[in-house]
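Once you scroll down, you'll see the structures, which are given as structure tokens.
Okay, so chain A shows up in both of these, paired with chain B first and chain C after.
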Partner chain A sequence: MGDGFGSRAFRFSSRHVVTVLLLAPAAAVFFGLFVASLSFFFVQSFWKATTFRVVPDFRPFNYVDVIAGYGGPLLRTLSMGLIVASVTTMTAFFFAYVVRFSLGRFGPAALLVALTTLFGGYLVKIYAWRTILGADGIINSALLNLGLIDAPLPFLLFNLGAVVVTLTYYLLPLAILPLYGALSDIDETELAAARDMGAGALRTILDIVLPQARPALMASFALCFLLAAGDYVTPAMVGSPGNAMFGNFIQSQFGLRMNTPSGAAMSFTLIAACMIVLAAVGSGLRRWLQPR
Partner chain B sequence: MPPDALLRLDGVTRRYGDHVAVAPTDLSIQAGDFFAILGPSGCGKTTLLRMIGGFVAPSAGTVWIDGADVTRLGPERRPSGMVFQNYGLFQHMTVRQNIAYGLKLRREPRARIDAAVDEMMDLVHLRHLADRPAPQLSGGQRQRVALARALILKPKVLLLDEPLAALDLKLRKTMHGELRALHQAIGGTFILVSHDQSEVMTLADRVAVMDGGRIVQEGSPRDIYTKPADAFVSTFIGEANVIPGIRRGGRIDLGPDARLDHAGRDGPVNIMLRPEQMELDPPSGAPSLEASVVDLIFLGPFTHLHCALDDGVRLLVHLESRKLATFPAPGGRVRLGWNPSEQLVLDAP
Partner chain C sequence: MSGAWLLPRVYALAVLAFLVLPLLLCVLFSFTTGNSAAFPIPSLGLGWYGRLAESPQFRAAAWTTAQITLGCGTAATAIGLATALGLERLSRRAAVLILLTLCLPLMAPPLVLGLSLLTFFNFIGLKLGVTATVLAHLLFTLPIVTSVLYARLSTMDKAALEAARDLGASPGRAFVTVTLPVIGPSLIGCMLIAMALSLDDFVIAFFTTGSNTLSTLIWGMMRTTLNPGINAVGSCIIAISVVITAVAFKFTRYRG
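Coming up: the complex of A and B.
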């Protein structure tokens, strides 16, 4: 069957060509823009910065300097990322759960409303929250007009709370999508069966729903955590000036200070720290949600 | 109503807006019964079962299980167990974990749980699959896990919602045997919902036939087969020939050789005859009708004769092949008769 084999081999190889062509644009972007620049800065993170110039060198001590000089901001940033990612993922899970299992035919409409918050720019949202939380913002003027307070509440804006609120609002629709997808795949009969066997609503969520949604929980959490921990605009605009985030320091190393080796070392420290946190969260979730 | 009924429904009703899914229904089921609720799809049988299990709240009426009013209790607080139509196995768990889940919720000691699960897996022949994840099971294996998972909690009533509908015919027959054996071994009370009359005849010792949201007849399968309450029941349980006629002055006139004396109110009636109750070329004196042969199907021991009366009414006759000297040819004319003592005359609605 020489003919048949030949034509099959031809079809096989032409399918390969198509696969390669389809992958090419994404691969070009990934390697050209992401891997190449990251490799460049990884090399540079060991270089030495002198006045107005960076000199090739091998200084692993750059990393020690980062930990020694910015350990506090790093911990603060990771904690903020953990808080934002936890609050957002939990809120998103409850929302997706209600849309999937409780709202019936109104579910898709509620999902659509939540996703409309994806419209509108990132900066617009930050300014919106400044308007809401500010000294003459919506909350304070409402409370003043109602006579509930005599002076504007100062603790609404320019602190960690405001950062968490703003980032949670921004990240929520992104966290809902993977969770809703995962919950759609769970058969409602499983929930009915768990109840029939004596599990209450909370037990059913813990034992049946969460374990099956674990990959999506992790995806939503990682998405929120990485975006929150890497963010430097929101902390600068609604956060406390005295408690800048790690991203703000990286920005200033690349900007005003023109110390790219230090900025690069800080960037890779943040990436490594984030990966450690996510690995810990992932294995914690796995252990917690294991069938008993 | 016997006082020792294990399950009792008093006027249980379910409405969805203007639609009445289940009309006020009274039912009592004795401990140890294998009870079947039989009806076509949409007749309300699944809704009735879900009200017994606590998954649907009745619009009116009371559900009693073992003397306790459970109407307001959710499924997690009822002494009933359910096997769902599509099983609802926990997809992230193995066979063992699925079966053990209910006992773990009850916080039984680990050793007791393991022993009970092993015993249950032996009962439903799953021991060799103990550690297989649920998604890797075949239809029949899922069915067994669902059964074991419900039975291990020793429910006072086991509710089976079309449990075999998703299986192929051969597997269904195997599971029929296993279900009967299981019921006999455990001695529990089973309530089966099904649209498959042969399944119900095989399994149940009592049957309620539902149509349009109400129970139209209740009794043993034999009672219902031999004395169906109306034409619907007669055609739903087994096969039946229904010949419409009109009664005037105590006589029903179906044709020149089929004038039946039958006392009753004047008006339309249905004569119900099972296919095996009709015969070819009856002895003189027996009522008979002339019909043309539409089709003839030879099935070995039996031959099924499909006929039509001149007014279009279709008749099915089961004949023993060995008693047939010649086989009637399709298109030919035959005379079909019956023993009037076997006919069932039902007032048409």
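Coming up: the complex of A and C.
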């Protein structure tokens, strides 16, 4: 073995050492915080909660208890998540489409305005809808003052509709972001060619635009679905008290009761159920949105 | 033909109105002199802001939030830069795979993330407070900062960097004199995005904070009373986020 090989091997490994050092902090955050805390949470989901503390145990029945006790709220939450994710993704897709292909030079300005609402403060947005829809809220007080109604409309707030509107409002800018990114990559000449050959606007969207934007559609849908199904603040603030969502039940395990095992088992049940729904939606989209 | 011209514009305006009006109303009601966020507004004034400025709870929460936001922005940018530089040295395939893995925390519902972090911090004996919240916020800010910086680094022209190295600059010097000026705007943009994301969060902060942040302060106010004081705190958050976001998009030259 000559010197040349030795020094090359040394340079090779020192290059690796630098790469590893650069990646180490991110690895520490990912494994030390994310993987470690979720793993510990998962392990706790098999433990046993006694009156005063949580003791290590192996109780897969925790999960059976969750399904038996909270199956109804779980289904309700998943349906609500599907509605919110569908409405939000469709609204966001058409907005991104219009910004990209129809608005011309106003497109970037419209996009910028939409994206400045990206971080308005999550709670502030929920509160805003509470003040808009409430009994002494903006809609009711405006209608009363105009003399159109005699008493506040009670059905605006504290129901599923209010939850869907508020969550859609919060998630819409998040859904626009990946969709616009995907649409800006689409070649306009391809669309012009389809039009020249006589395809209508709908045909073009269905056969060319949607299949090319499928990964972004899925990303937006998944993001909206997971955040909507996992949310507990919106249902608590604008939803109906009788129709609490799964997240509210998870959160209530951590109040006075501090039943970590039960809360953890509920959390992983929710994540697993969401993954099953998303896998089904993903394979459905793959089937329906074939490029033609 | 006019329908094809009109419809997209009406749709875009409707979506923008849906997105912007609620926030504008929230800001408008923060200037009311009345005791509720409702029409008619008796007159406009800064009364609710004055009450906030005098409130010790608000001052304490604003200080805690400032520490968390700045701490998270700085830490996410520093670690994100190191990570992006490290990814640049790998093959594109490996780098994308690592980036996608780093993005996994974005897919976990904040409630689950917050609760598992709370349980974990209690287990390892980390006191809840600013440090705990900054660490927790790194989970969802780091992947975004790293993605933007990696994209910027991989589209950067490498010729100047090679020229600097050929002329005898050390890797460190080449980085400071060539790479840093090019990616500088992206770095500032990323720091601002990380700060906006940290400011936006309530759920994870709620479970990991030791004292009130601005968002947990609003939560407390929402549960006890509904008065335009909430609008005033909310308007402060909206103003800071909108400025941060607009500047950040300008710096990272966001084009979708």
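Criterion: the second predicted complex is superposed on the first by the 268 of 292 C-alpha atoms of A that agree within 3 Å, B and C clash if a C-alpha of one lies under 4 Å from a C-alpha of the other, contacts with A are read in each partner's own complex, and residues count from 1 in each chain.
Following the convention adopted for this analysis, a residue touches a chain if its C-beta (ideal position, glycine included) is under 8 Å from a C-beta of that chain, and two chains touch if they have at least 3 such contacts.
Here the structure is a predicted model, which is why all the values come from computation and not from measurement.
Residue contacts after overlaying the shared chain place A:59 against neither chain B nor chain C. Using the contact criterion defined above for the overlaid structures, shared-chain residue A:198 touches chain B, although it does not reach chain C.
Of the two partners, chain B and chain C, it is C that touches more residues of chain A.
Of the two partner chains placed around the shared chain by superposition, chain C is the only one that A:110 touches, whereas chain B remains out of contact. In the superposition on chain A, contact is made by A:207 with chain B only, not with chain C. After overlaying the two complexes on the shared chain, residue contacts for A:131 are found with chain C alone; chain B is out of touch. In the superposed model, A:48 lies in contact with neither chain B nor chain C.
After overlaying the two complexes on the shared chain, residue contacts for A:15 are found with chain C alone; chain B is out of touch.
Once the two complexes are overlaid on the shared chain, A:76 sits clear of chain B and of chain C alike.
Comparing the two complexes, no residue of chain A contacts chain B in one case and chain C in the other. The touching residues of chain C, counted against chain A in their complex, run 4, 8-9, 11-12, 15-16, 18-20, 22-23, 25-26, 29, 36-40, 79-80, 82-83, 85-87, 89-90, 98, 101-102, 104-113, 115-121, 123, 135-136, 138-139, 142, 146, 196-197, 199-203, 215, 218-219, 222, 226, 230-231, 234, 237-238, 241-242, 244-246, 249, 254-256. Those residues of chain A that touch chain B in the shared complex are 186-187, 189-190, 192-200, 203, 207-208, 211-212, 291-292.
By the touch criterion given at the top, residues 53-55, 74-77, 80-82, 84, 86-94, 97, 101-102, 104-106, 146, 149-150, 153 of chain B touch chain A in their complex. Every residue of chain A that touches chain C in the complex is listed here, in rising order: 15, 18-23, 25-26, 29-30, 33-34, 36-38, 40-41, 44, 91, 94-95, 98-99, 102-103, 110-125, 127-132, 134, 136-138, 141-142, 145, 169, 172-173, 180-181, 183-184, 201, 222-223, 226-227, 229-233, 237, 247, 250-251, 254, 260, 263-264, 267, 270-271.
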